[in-house]
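Chain lettering (A, B and C) follows the sequence in which the chains are written, and residue indices restart at 1 in each chain.
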């Protein structure tokens, strides 16, 4: 129990570091020196010192939305298994809780964005809501097929009852991780779904929703987004855990390694690809969902 | 292991439903050829005789090398084919249709597997390849894509033959492979002529012969 | 064994040989020699004078002999007449097409013979696909826009159809799983003898796929456009070959499956499918006969109609089966003569439109008369054989108490007659003021062959010689037996 709490605190503390590494690598890859590895920490500290200003047309929603988002993601992080350590919250059916904690955070972010009354945020909120519709099935089909095969519905149980003696499972899992990678890219608004660097109206989905927030609110939103990407990266890395190994320390170092490989992947994709046309993003997401559907079809019949 | 290859096959089909580039269609076809080669080689690991290796090697040679080279050279380079824009059918709906088809095929294959003796996954993978090849022929406008859809359908038929484990003599498979190659050859020549005669390389010009 | 070599090897050898030189006249003479030899051997087989070779891969039963005779006959007459059509065709820029014409025709004969005599379904499929590949360049003979489109449609539609037929063949193999002849499951004789042990689900699925797939090649609805377009845009010899012989070869595949099915309880189902397919073809032929503006297309739709009648005959069974077989023979004879005359008209009037043809009886005396007689034969006027075969079909319908269907078919045939005669009589009798060219017609070899063919047609209608009667009763016995 104590180790789980320690690991969780480490997890929370290293969320900005993840983004720091991603930004640094991206700049290196494009020939720049780039910001320091700890730049997100400095940004967060700067934001804490600023004053929080609310628009005159804002209501109570604008005050509570960032907090709700932050807290839901904190809880979602507690459900996630990191390496081999048992997560803080683990019960049957927590995969659904995980999905809907994210849903709650997203819902309040959208509400908060629309609350301000500017059309910019409304546009971002609309796009966010649309893509969320297509992104939900990915999660449910992928994790649902896993739950179906292994017969348990707790995330920790699922990822720890996979045994890799059947090579078919190996392929299945690597293929499922592609879906989840797509999901990660969509939910955290990286390329090719959204460009985190430009702040042009054409390309904004997430950054536009927080345009009018400042100070503590912006701190909470930024930290939430860092946490979100780390949570998704950890979730993806769970697909690759060598499940036969039971040593905790080995599991943890493998976790770090896989996270790093994911960072490299992410950076490579961000640098190499341009952004998709907005109208082809649903199709991109449907492709990821259909991989999940295919897995369900195959393995549900295969395991009878 | 065979099931894994069949699932990879289905994944390539899903990719066919998503992409819009013609070169991607060709690459998917090459990948399917390589997958077929591996599927054929797998049961032969114990018995290494030169005779049984002929068919897989021929398949690899024709499907993964000869036909793509022919299509690339003869058609892509000679015509001014816009390699990226492909058709104006709703891409999203096409992928949705493909997914529904796969669901239907897998479910019915499973029901069939209860009554007759077939393996459900290879059969379903092969049958969905055939149907998606047919969809490509029906729903696309460019002629080269029609040809590639036909080739994908033939891939599916071949996979069906392999999965049913019928004792189709190698000679027949070989000659049918040759037949398909010659058919594609003829189609390629026809496409070139059509492009130069009608000045457009999709089927919008081919509607004069009707009553 | 040497019969086999002569029958199939000779066309293959001459087809391959023709690629080495270019002299049209020499090619023509060699082709006639090949066709003649083929005809003689086939006739000897047909009449029972020589015994067929025994080989697991090849099957020489009565069905094969009948179809071989049809093919050989049509091919001989087509080759004998082809020189005129190829040498002096209306469009001049087709030198290359001329060079490959005889090559492709001989290769076509080889592939078609192989398909007819094969006992192995895989070999049959391969040979059938090869006939498509041989015929496609022939369709493109005139090298213009329409023939290009026709060739593409034919090649593509038929290839996709044959792919479906291949799926059906695979299902047939699947139906033999678990039986003791699993390893030999593609040999037709093996399938026929073991038909009672086959799995019915897969047999049904196989039949459906093969029927739908081969219907693209036979040229019946709903996949008839491939064949109709191909026939209406190619030179007359090629058109005669496609509509008279190629449809028969594809039909033989369906008949073999029917033969297998006749030993099982699925025969009813198959017959219903055949009747539906035939009736829909008749209806389609009717609809388009009124809209057609191209006389070769009109003849092509008449082919669709007759193939539909043949299918209905096979669907009804009994005496209608005999009628259907006779109908196949008569149809091939008739279409060949019809297409020769159509080719003559095209050569002289330089157009395929019905609207441009006028006063056929006055201008081209012989062609006009023979065209008229062929038309009368095609609509089943006695004493031509088609009348008697259609009569047998109607007799079969009555014997099965299918009065509604019979009335429907009679009405369809009546209206097809009306539509077709409208066009034909317009061509024959219409006069126009702006006739700017003069025609002079001599009595040519094509007229002679048409006369011979029509006389055979009339003769066979009245009196069926002994070998033919024996073969037909043998074939009937293949399909009708106690289950």
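The rule we apply is simple: contacts are C-beta pairs under 8 Å (C-beta built on N, C-alpha and C of every residue); 3 or more make two chains touch, one makes a residue touch a chain.
A quick note: this is a predicted structure, and the numbers were derived from the prediction, not measured.
A.B. asks: Determine which of the two chain pairs, A-B or B-C, is joined by the larger number of C-beta pairs in contact.
C.D. replies: Of A-B and B-C, more C-beta pairs in contact link B-C.
A.B. asks: Among all chains, which one's averaged Cα position is nearest the averaged Cα position of every protein chain shown?
C.D. replies: Checking distances from each chain centre to the full centroid gives B.
A.B. asks: If you average the Cα atoms of subunit A and of subunit C to get two centres, how far apart are those centres in Å?
C.D. replies: 66
A.B. asks: Find the geometric centre of each of subunit A and subunit B from their Cα atoms only, then give the gap between the two centres in Å, rounded to an integer.
C.D. replies: 37
A.B. asks: Can you give the whole-Å distance between the Cα centres of subunit B and subunit C?
C.D. replies: Computed from C-alpha means, the inter-chain centre distance equals 31 Å.
A.B. asks: Note the residues in subunit A that touch 2 or more other chains, in rising order.
C.D. replies: none
A.B. asks: Flag every residue of subunit B that touches subunit C in the complex, lowest number first.
C.D. replies: Within the complex, subunit B contacts subunit C at residues 112, 115-118, 130, 134, 137, 143, 146, 150, 153-154, 157, 160-161, 164, 166-169, 172, 175-176, 179, 182-183, 186-187, 190, 193-194, 197-198, 205-206, 208-209, 211.
A.B. asks: What part of subunit C is in contact with subunit B in the complex they form?
C.D. replies: So the residues of subunit C touching subunit B come out as 120, 122-123, 125-126, 129-130, 132-133, 136-137, 140, 145-146, 148-153, 155-156, 159-160, 163, 166-167, 170, 173-174, 177-178, 182-186, 199, 201-202, 225, 229, 232-233, 288, 291-293, 297.
A.B. asks: Quick one: which bits of subunit A touch subunit B in the complex? Just the residue numbers, please.
C.D. replies: 167-168, 171-172, 175, 280, 282-284, 286-287, 290-291, 293-295, 297-298, 301-302
A.B. asks: Given the complex with subunit A, which residues does subunit B contribute to the contact?
C.D. replies: Its residues touching subunit A are 1, 3-4, 7-8, 10-11, 14-15, 17-18, 91-92, 95-96, 98-99, 102-103, 106-107, 110, 120-121, 124.
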